[in-house]
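Naming follows writing order (A, B, C and D), and every chain is counted from residue 1.
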């Protein structure tokens, strides 16, 4: 039985708590949150204790911590968790600063604690199946990857202002997916971005529509595009073209119902909410984390994966702002 | 060069003329129509002569005739064509009377003239590909066939009154398709029909919505349904379930364009007009006819195929009216 | 808090237990099973008691019972549950005998206990959405319904022999769906059936491939087809054609991944296992039952729905055996 | 009756000849080709004369010329055609040199002759429908365009060597499509390219896999990707994301047949041959040209469109070679 402490009882913390509640070999023994009522409510539902974050991090009855708190707190919490030899499950981004992530890599390596960067999309059953078939050679060597991600609508402007910008907040998922699929590091990146959705986003110094080209040393190419809006729901698509064919993962629609009228054949919009779209992915990543820790296998995505994605996000931000390609 | 006489210069006669104009080894030398202007106009476009029907049927400079005139004239024209040893391409139905078709089978057999019953759908590239793959064993032995045919809207009530009824006028195509796909004759048939689209059709003694079950001696099953209306266009689908899998041919849409909005993903309606939907089929059947005649191969669909489809249409009409299954 | 007793701790009982475990306003207090180990195991997982079936049925600390035992035990259990005023959730079929179901209708009516017949497919989110849109008038009046159900492979021959036959065991789901969608009772039925999949099924007096046509007094038509095998998974489709258009629910595929190679574009097979395919439906039907009981609303599907489906299954069996249509 | 002279009787010249043969208000009166037999053969089929190219260009009995000869001959032929006041239909690219195209713009403007640059894809019924709906505002203002073009396999290496490179030979179609859809000129372009398909292409100084990002002054973004191979056929897709939704045109498959087996649901590959895929587009562009000339409307795509596409192709070539973005 893996004993887990949960830091952060917000939306995503609750998702993880629900997954763990359904598992046999893990349980949450303590939760912490800056909002006492949030911690209380979740603790009751889990039959777990409410503790202070520091107490969770230093507890001797806890094997692993889930860090689902705001990004700004990650740096100290990860260090504390490493010091007390906890396995660490950390929401993305690990930290806004690449330098900080490098420090944390050292700290966790020296402490020899397992570290899992929660890029949930790798665990989406559809994307995971695509990647497995890619690795199995079903379409031969990768040549071109196209990743399309569109949110149904922009987050609140307050969130945008502290988000680190579209590339670090939203496209970072796609950067990790690109690395996951490509299987070779990128060496060059060009980014463009615009404010087409909401002028307030532009006034906040951010973009809401963006496209990036990445290339590897061997000449493989990846295209990513992001938009902060999509009238038809949460648009999450992947396409990989290889020497022997193409693999793609289509959107997940609300239902399988189609209506035919004089206007044609109409299927449902895509699932609109990320927690619903990636429900299976969130459950699968938590199970994977617990399996990694239980079996003593190094977790994947690792803290290095968190670092590399952040490096790409930084480079894209720079490229978009300077108009120049960035060598990685 | 196969020299052809065309009887009937209406919509379908013009389709055949256009096909033949594009071919190298056949030409229309004479045309005939009850409406002189129709014959004149088509003759000019083809650089062909206008003749009386009888003159076309008895001509010595003509090898083959296309009979695209009203069904009531087929019986005499086929006999005349057989007497003067013409290869015969005849629009469906060969005749409304099964007895008459039997007589024509004898006449054409004795005259040893090739006879092609123009069940155009067998030549639709999609249905033809499906049937070829079925015969090649791609899904093993046939178990269940489902044929769905819906017209965009009912024909004029005047047409309905002389049509012989839905089973003989519309479902006859599906009966032929069922035989084409099944590869085993049917031994039992049950039909139901209703008037749901237009009360005038019911007053004329016909139905506008119908379903039929057919079975073979070995227990294979075929379901057919027809409707005289479909808001989304001309609906023409086939599905065959076999021991090893399923083959199906989907509808052909107006364009490949899809729009995604808050209402979902919408593709175009189906092609709405039968001449457009089956454009390739009409061209292919004419080429097949010319190839059969040129090569001396017995045409398919044959007059026997015309007979069998008519027998099924009669049986369905009887079953719908009596409420009892009909043994074939 | 609705206190529930669970009779039957097999596959389906476990599904219901899992659903209830995740709910706030209901809990399973006791379980029973003919196999003590099955009852023990589930009781432990639920922190519930193991009791004898009779003790569950007569318990004073239980508000509702879930009857997930073999069909042959339903008759007595339902009577006992009614006598002790329990709300009843009963797996289909209620009983193999229409006469017995009529008796149970009386008994439960007199006892004034809520009775829910667990036709889970009504609660599949896709089929439920289709039905809701149909009722909302999206395609106008219903004209033609087509229901296609194919199992991946036949059940064990031992199961077949006690199943009551394909129409009562498998197509009964489609009969209920047909009634659910049509919104008008059927008045006439014709059935055909064959043994094409496995000769042992035929030797057991059953069929493995079948098709039925049903009609209503107003002339609406429903076609159903069943097969005991489908190489590509569990095939569950519905199509409704109405005056203004068509609504259909397509299959649910294992993943959204598509591969394109020289052989074309290939998507995944359908979900293969009924518990997986209808996972959401099983959860939704249990929530609905608990809501009905909690709110005092009459459950739907009711025992009358269970009766009507059984009447259709009996009629289909008779029609298939006699070769004659059956008036309902 | 528009009298047309055809220069170039190769594959594409024959396509245009076939279209014109079926039209009522235009005819080809003379053809020319460097290979006499090619000219003779086509002339016979058309009942047209064979003439020398110069004689066609200066003829007084000819209203319009179709220039389907190698690109290197366009410059002189267009000048000659302009001098003798012929309407000009010119295959893409107008010329490999942007300077030359500017000269030809002057020449044809001064001569006041209609000039049509044959970007056939604008006339594909699917892409044309998409663009019309875009212009009609169906998805609001354009934000992101994604164009995917993949050839089934690379052309012969000899062709590659004289082609001007992938951006000028293949992606030029996509550049024109991007302008056609965007409705605003591009101001910045970044291109990457690799040799992944065939090392010989790299040795010839060209790339076979490429991606480009284009942006406009108002911040709209276009992504294009090209590959010289696709196992599943000729891949031609467009997707436009706008403020109110997304419009996309999918591939055209060989047939509508789908097979379902244990491996899943498999549809046909895409149409493999560009002449077949764009058959309708070639016919429609010729009809459009004849309509423009007959009605005195300025043709579209114009020579300016030919120039702009060439400018983008040059910029992409430069960007790919220098690794730097190019301002337009």
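Assume a residue touches a chain if its C-beta (ideal position, glycine included) is under 8 Å from a C-beta of that chain, and two chains touch if they have at least 3 such contacts.
Please read these numbers as outputs of a predicted model, since none were measured by experiment.
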Identity of the chain that, by mean CA position, is farthest from chain B: A
A-D or A-B, whichever has more C-beta pairs in contact: A-D
Averaged-CA centre spacing for the pair chain D and chain A, given as whole angstrom: 42
Interchain centroid distance [CA atoms averaged], chain A/chain B, Å: 58
Chain C: positions in contact with at least two other chains: 230-232, 244-246, 260-262
Complex contacts: residues of chain A adjacent to chain B: 230-232, 253-254, 260-269
Chain D-touching residues of chain B, taken from the complex the two chains share: 125-126, 129-130, 133, 138-139, 244-252, 255-262
Parts of chain A lying in touch with chain D, wherever the complex brings them together: 141, 143-144, 146, 148, 150, 188, 190, 192, 194-197, 209-211, 213, 215, 218-221, 223, 225, 227, 229-232, 235, 241, 243-246, 323-325
